[in-house]
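In structure tokens below, several structures.
Below are two complexes that have chain A in common, paired first with chain B and then with chain C.
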Partner chain A sequence: MPIKQIGIDIPKVDANNKVRGVAQFGADLSVSSPLHLKVVRSTKHHAKVIKIKTEEASRVKGVERIFTAQDIPGKHLVGTITKDQPVLVSDRVRYVGDPLAIVAAQTIEAAEEAVKKVEILYEDLPSVHTPEEALKPHAPLIHDHGNLLIEFQVVKGDVVAGFKEAEVIVEELYETTWVDHAYMEPDAGIGFMDEEGRVTVVCPSQNVHYDQKEVAGVLSLPLEKVRIIQCATGGGFGGRLDITVQCLLALATYHLKRPVRIVYSREEVFDVISKRHPLTIRYKSGAKKDGRLTAIEVEILGDTGAYASYGATVGIRSAVHATGPYQVPNIKVRSRMAYTNNPWSGAMRGFGVPQIAFAHESQMDLLAKAIQMDPIDFRLKNALTIGSETATGQSLMASVGIGESLRRVKTWRDQLISVSCDSPRPHLRRGIGIGSMWYGIGNTGIANPSTAQIEILPNGEVRLLTGVADIGQGSDTVLLQMASEALGVPIQEIKLIRADTAFTTDAGATSASRQTYISGNAVLQAIRHLKQEILREAASFLQEDEADLFVEDGEVRHRKKRCISLPIREIAKRTQKRFKGEGSYDPETRKLDPQTGQGAPYATYAFATHLAEVEVDTETGKVKVIRVVACHDVGKAIHPQNIVGQIIGGVAMGVGFALMEEYIPGETTSFVNYLIPTSKDVPEVIPILVEDREPSGPFGAKGVGEPALIPSAPAILNAIADAIGERIYHLPANLERVLEAVKKSKRGGKTWQPC
Partner chain B sequence: MTYCVDMILPFDYQTPKTLKEACRLLGEAKGKAKVIAGGTDLVIRLRNEEEKPDLLVDVTCLEELKGIEESDGTLSIGATVTHSEISDSSIVKRYGSVLAKAASQIGSPQIRNLGTIGGNIINASPAADTLPALMVLNAVGRVVSSESEREVPVRQLLESPYKSALKPDELLVRIQFKKLSQDTCCSFHRLARREAMAIARMSLALLFRMRDGNISDFRFSPGAVLPVPDRLEEVETFLEGRSPEEDLLRAAACKVSEAIVKRSGIRPSTSYKAPVIEALFLRAMREAMQQCQSNK
Partner chain C sequence: MEVNLRFTLNGRMIHVMVPPHWTLLRVLRETLGLTGTKEGCGIGECGACTVLMNGKPVNACLILAPKAEGKSIETVEALASQDSLHPLQKSFIQHGAVQCGFCTPGILMSAKALLEDKPHPDKEEVKEAISGHLCRCTGYQQIIEAIQRVGEKVKR
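Then we have the complex of A and B:
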């Protein structure tokens, strides 16, 4: 059957409403005469809460009610993995921004005034602000179970022997900092009781079914009494995997039984939403002079801040990916995440892999230089291939496109080197750098199923039901393309119902680059089941042998009698029956051994290589990224243009991570002092798609959401090192750090001294 | 801690049609009024409650504050002229190109379309982009109140960081400077952490003429390195009347960082800013000298 809907650039199905301004984002949602919610937040890093005095605030005209932790009927703590984060704090605040009370008022003004009048009596506790301090024996405890959230190891082979065998060894310390998701839409939403008496929350989200479970737990309600609907979502990047406004809206709705509304300011988003984990990475690696890697030893320490959130995931994922996309026989990686009284770190595009990739790709360039080998040839020599064994002892059976991505980028690199010459202005130096990555699709070594349904109603309507949250990345379009292809019904004729817990079932989170692969497979299985049901019905309806019938191009056809062909929707209409196919998919993984980290954590991996060309102003430290060539092995591109969009967005985010983004607790307030790249800072991006088919993927597809970002910063940092002859080990490579590196470089400028 | 979304403390808003009325409103408010034109700085300060005026006086309808005029060797720019108007103006480009260049690099197109030169001066940010340019142009502000009218050099319009020297009842009406002669060479440089919409990390404006191979009427003002923008007379005197040899320029660059350290003290940022302002100074000098060459 010819492929018609896969690999083509149809208009994204959400685009029309978004460009016309019709799509409703969180703050656009209207609900009749809502009460406005505002949150009272901690001004202390770490303190006992002695008393929350709300009397005066309650008297503010227009205030209907002030909620504190005492008003929570169910569980007080939420969290994706470790439930340690209070919906409202009753006993102890752990960071500046912890929520203590919610004011519900007739107007926003009244709510804001009341917030100022809520008085909190604290008793200060000593606070801890670095993971190193937090792990010292007598450090103040941030949680009763201790300040170490997780310690995880990946151990394989014999590193002592590996380093003995090595002819060159490179050991360096890499540091990264807090990064904000900087999603375009500040968090906002509404709550109301729906017509069936469910506590209903509509807001941006990356996982409505997780939200539903948390809200039900907090309200002590059965799941079916809670409904979460995802509205149009202005980005996520991991920041909307955790609970943001859901429980606040739900708690107020539960008590007030009337509509409520909340809108965060940008400042509030910066203060209270998770950040990318700052990681300190000590990385030692060894190689033979022939270019073979012999061993790595890596020590990762992360600051998870006040609450666990995805700290464990970042700890484990960064360790599992520590080798980069290379074969290393001897490995010892230890990863630890510590609580501090800093803002809480959570999920952000890549879960620790962007940080570790900065380290492993810097190491690869340093080793290549040490053994005087071309950096791309050195990577190719060690690149994973089919049959390779990964750091966790997993054998890769198919779809390992790292080698191809390196070869494609090499062609570009060789062209650029032959034409590029240093600028006539001597203070400008050009450099070229390479960054590669691998990324396991889906959650790490644990079940992460998705489910989906496809229905044909008696009136012939075709409906695809999925819990997948499209946060702009394109899952609505891609899942519809797959459904259309598999069922043979045009996309426009399939109604998509998604991310509403009242109608859809759990698809898991829009994270870990998993929805195309996992939910795509769930949709395909649902369609297979639907077809079986239709054929069974068609057989009895047409009085033909079921085995002779098959579905093609949206019609039931007969293998021998060519005159028999009946549109599947006709069958529903004529029989006045409703057909439904259920689908589910959970990638095949093998749990990681808790001692050695050995196992098969992912069913498939994405691979990519970026090349960055930069120009460094050696007198000011200003770096201009001129061009990024971004080559991605995506298995199969379901919607190539959408992938290109992901890649360009990933590069933009990578430029920010590499050069300017840095959240400084207590200093950063908004986009005035948190700089992300503007259109003038984003380089020309040349996307290259490699399609090394993944046999278990839907139509061969894997995922690209996070991979798009990961190799950019490493490539840019390697390009800076190439330009100035000195390396930067601390992100971001801002003006000051670049100038400092120039000073250190033998090729670079002079050291400034007072005249 | 409160996070305000769209709440700004209440205030009255007046849009006077005449300068007289504007002055009367400001006088009557006795310091409780703020003047608003583009609002690109003020609205942020209102939202952050750094300013809590009872009254905003919108001056964008006052004819006296509009337009760019040229007369008798003087260029006069209304206080509500926007950065876009300045950077697009052929007269400013011809007779005060250093200002046109500075205005063209402010913020983003949206900000340049709203923000005004008067606002940029009166906001008195140490990093204001037009101030170094206005300083080297010897620009003078015409300041009016119900009682008086005076002409004030731009430097004297500034009191301290983010505080102008205007009295509460005074209004900046126009900014004037002598047209630069066509043999003037000038340069403006700006460095920021990204290519648009970022506060200047450092900037500088300079201009001079060449007289018999020597630097003449040299004027220099750095931005974002002094608490209050100013000219650096030490450097100006040092270069005045001398031939711009490479060694001399390097010595002058040293004088620049020296003068800045002397005025601002050694700060955590000094180890970065000192060598970079030297480099930017040299670049600006070389660029201006090239202009001199082509003027010939």
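Then we have the complex of A and C:
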């Protein structure tokens, strides 16, 4: 029986353990008699550290050891791109939350008591809290290399000529704020020396091989002396791309040579894990009255906080995506990221694209209104198609589903408008809005390879080995589906070994919506190589010409002799050999020119359009999102139900980004003052999949993790503007901002025909 | 100082000695090793630690252990029998209601209490019943479908 695994909804392979409560997350891991770790953290925004006094804390009963930066044998600084973030601070704290010391104690209580007794002598330094301030000529320096982390430009055509040609020009300022990932599992994990003498850390992660490199550097150990294992991971959304608890656990394990355990509180997660970058975006765009965009000029300024983390990525990616999924002939985008003494910003679902999409989609509606064109028709007129050239000068050769997503949503919009009516209560206003997006799959214009192996052991066991961290999104399931389909072996007969540096090789991060596409391709290549090896062996075993043999449905078959068909696992058993296929894949990209930003940063792009229907209470400012139609071009849907799950979850996060979520440094401590959507805040989501196959994708697949979130907030904000006749330029559109907009609205909102 | 604590846990009588300031959640996870019940916030805001106390969903992080004295406590570990999953667990898998899975045990317990109280809830009733649970991955829709479908099956 041929195996058909692609495009079907098999049970997610991790779900059974999760519904039974037996999947082990960071705080569930057991290890014998661990010492408990707690971290001493900075209470200052910016200060020199004069002395860390640990004597009194050391005397607390149960305290075994207190570690400071002096105990670090290797590198003191970590960071995904720029290594500027101390594992433990020795000289200068740069934000409230910087780690200064680790207490290891026999009980949690003793560790907590000792943390309070560690005394830090500081000398205050002036602190900086906005990127504008940070970039002033005489601003206090946060890092010796200056407060500007990155400046990046995308320049194409002639914007002066483009704006001259424009018949309508719109220019506005958009602002977004810090957003917390709010993954449900607080960071936690264990450390121990494994049976082979490796410093071993088990914790939630989005990239164990990155963690391994950082820990090895910090401990000054060869890579093979450090082992990182990803446990069940309660969400990530980018927050677990950086180092969280890994180095703390590893440092304590290295010195103590005994098991240790750490569990962050929710407050600690809010305090010390990265945030979404607040961006200020000045956006000017022009169009002809016939609806053609002529030029955009965009200035992006972001707050990366105390440390670089993914600030450069966010700066570059937001600039590259600034046009939205549209053809614009004349472009000038400048993007800068500045250090401040605020909490550090890092990767969060979309790397700056959700922020820039809020701006470009608001602009599209404003322009459409100015030229009195239907907002969907206006988008369609400018939408990228096959053969289009992007802002970076890349020609799109295939799988450009933006037009189709707009057309599918338009059908919905037209139906909704024909049946929509306002509530009989006049203070409730309804509106409909559109948001579109594009998103480059994988890292931006740099190598981002993945590797994988597939093995058949002499006992016939099939093993798929991958470094990919499944953080709940379903990569385990999807990679197994692909392996099963390509190899012709049922899924339940393939053993998955993943995200343990002792057994698997680097697959890169679970980020940038890249694992289905990039690691999927690596798995397929591994299988091609495995098949070659099997055919070679089969030819000699069967004494047939290798060229006459092929693998199909898990069997070696002969092109002419029908009687020859031997399951591939039988070949391993009968020859008592182990077969291994190595696979790797690095998407074809062309790096961006540092002056002009021209290049081909991604091998493929995902596209999407959302429609949001909202009801605005003009008395309270409350916005209810009633429905979101979410249409996504995903290439080929390997597991449609997983994709739908990503989309609905992305919309929910988009509702939070649009209306509710605002992390306030020094104030946000819990879910009491950081609200994320509950079951009562989420709209009905109608997912629509457009499967415009990507020729370079595994079975035609692209990615959807981040695209799912990106168009929601723009669609919701456009719907609010439609409802009340006034636009909000600052996220989130909370009660105060909505009421302010209502007050400003000259028309007092849209008038609807009664039903 | 520790206190005696007796309660019924997943149908079996339990007797433990615990510090009186410990929460029920801590007793379940640390003393009894039942880590299916999760701690997401520690202050009753996220619902990840939901267990049933005398059939009603409660946040175990807010219940001081002595309050469990004499009560019947059910956790996610009690849902599946030796050889088969509870209908809610099956339905969650079938409907794609599990992503990272951290909120799943708590929501399952609230769903169980809901269906015992109201075997055929409508969508709004399901939304209400799980409104004390935060889930960051799913957007709730597939969870709501999974719960409702079990209710429909019970009806048939």
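Everything below uses one rule, namely that the second predicted complex is superposed on the first by the 745 of 755 C-alpha atoms of A that agree within 3 Å, B and C clash if a C-alpha of one lies under 4 Å from a C-alpha of the other, contacts with A are read in each partner's own complex, and residues count from 1 in each chain.
The rule is simple: a residue touches a chain if its C-beta (ideal position, glycine included) is under 8 Å from a C-beta of that chain, and two chains touch if they have at least 3 such contacts.
Everything numeric in this text was worked out from a predicted model, so none of it was measured.
When the shared chain is aligned, chain C comes close enough to touch A:Ala182, but chain B does not.
When the shared chain is aligned, no partner comes close enough to touch A:Asn459: not chain B, not chain C. In the superposition on chain A, contact is made by A:Lys680 with both chain B and chain C.
Contacts of A:Ser565 after superposition on the shared chain: neither chain B nor chain C is touched. Of the two partner chains placed by the overlay, only chain C lies in contact with A:Gly21; chain B stays clear of it. Touch criterion met: A:Ala232 reaches chain C, while chain B stays clear of it. Contact with both chain B and chain C is seen for A:Ser265 once the two complexes are overlaid on the shared chain. After overlaying the two complexes on the shared chain, residue contacts for A:Gln415 are found with neither chain B nor chain C.
In the superposition on chain A, A:Ser395 makes contact with neither chain B nor chain C. In the superposition on chain A, the chain among chain B and chain C reaching more residues of chain A is C. In the superposition on chain A, the residues of chain A contacted by chain B and by chain C overlap at 265, 672, 677-680. Those residues of chain A lying in contact with chain C across their complex are 9, 11-12, 14-25, 27-28, 30, 181-186, 232-235, 237, 265-266, 471-474, 641-642, 644-645, 648-653, 670-672, 676-680, 682, 684-685. Residue ranges on chain B touching chain A, taken from their complex, read 1-7, 44, 108, 191, 193-199, 201, 254-255, 257-258, 261, 271-272, 274-276, 278-280, 283.
Across the interface of their complex, chain A is touched by residues 29, 33-43, 45-46, 48, 75-77, 79-80, 85, 89, 92-96, 98-105, 108, 126-128, 130-144 of chain C. Chain A makes touch with chain B in their complex at residues 38-43, 96-97, 108-109, 112, 115-116, 263-265, 267-268, 271, 427, 619-622, 660, 672, 675, 677-681, 734-736, 739, 749-750, 752, 754-755.
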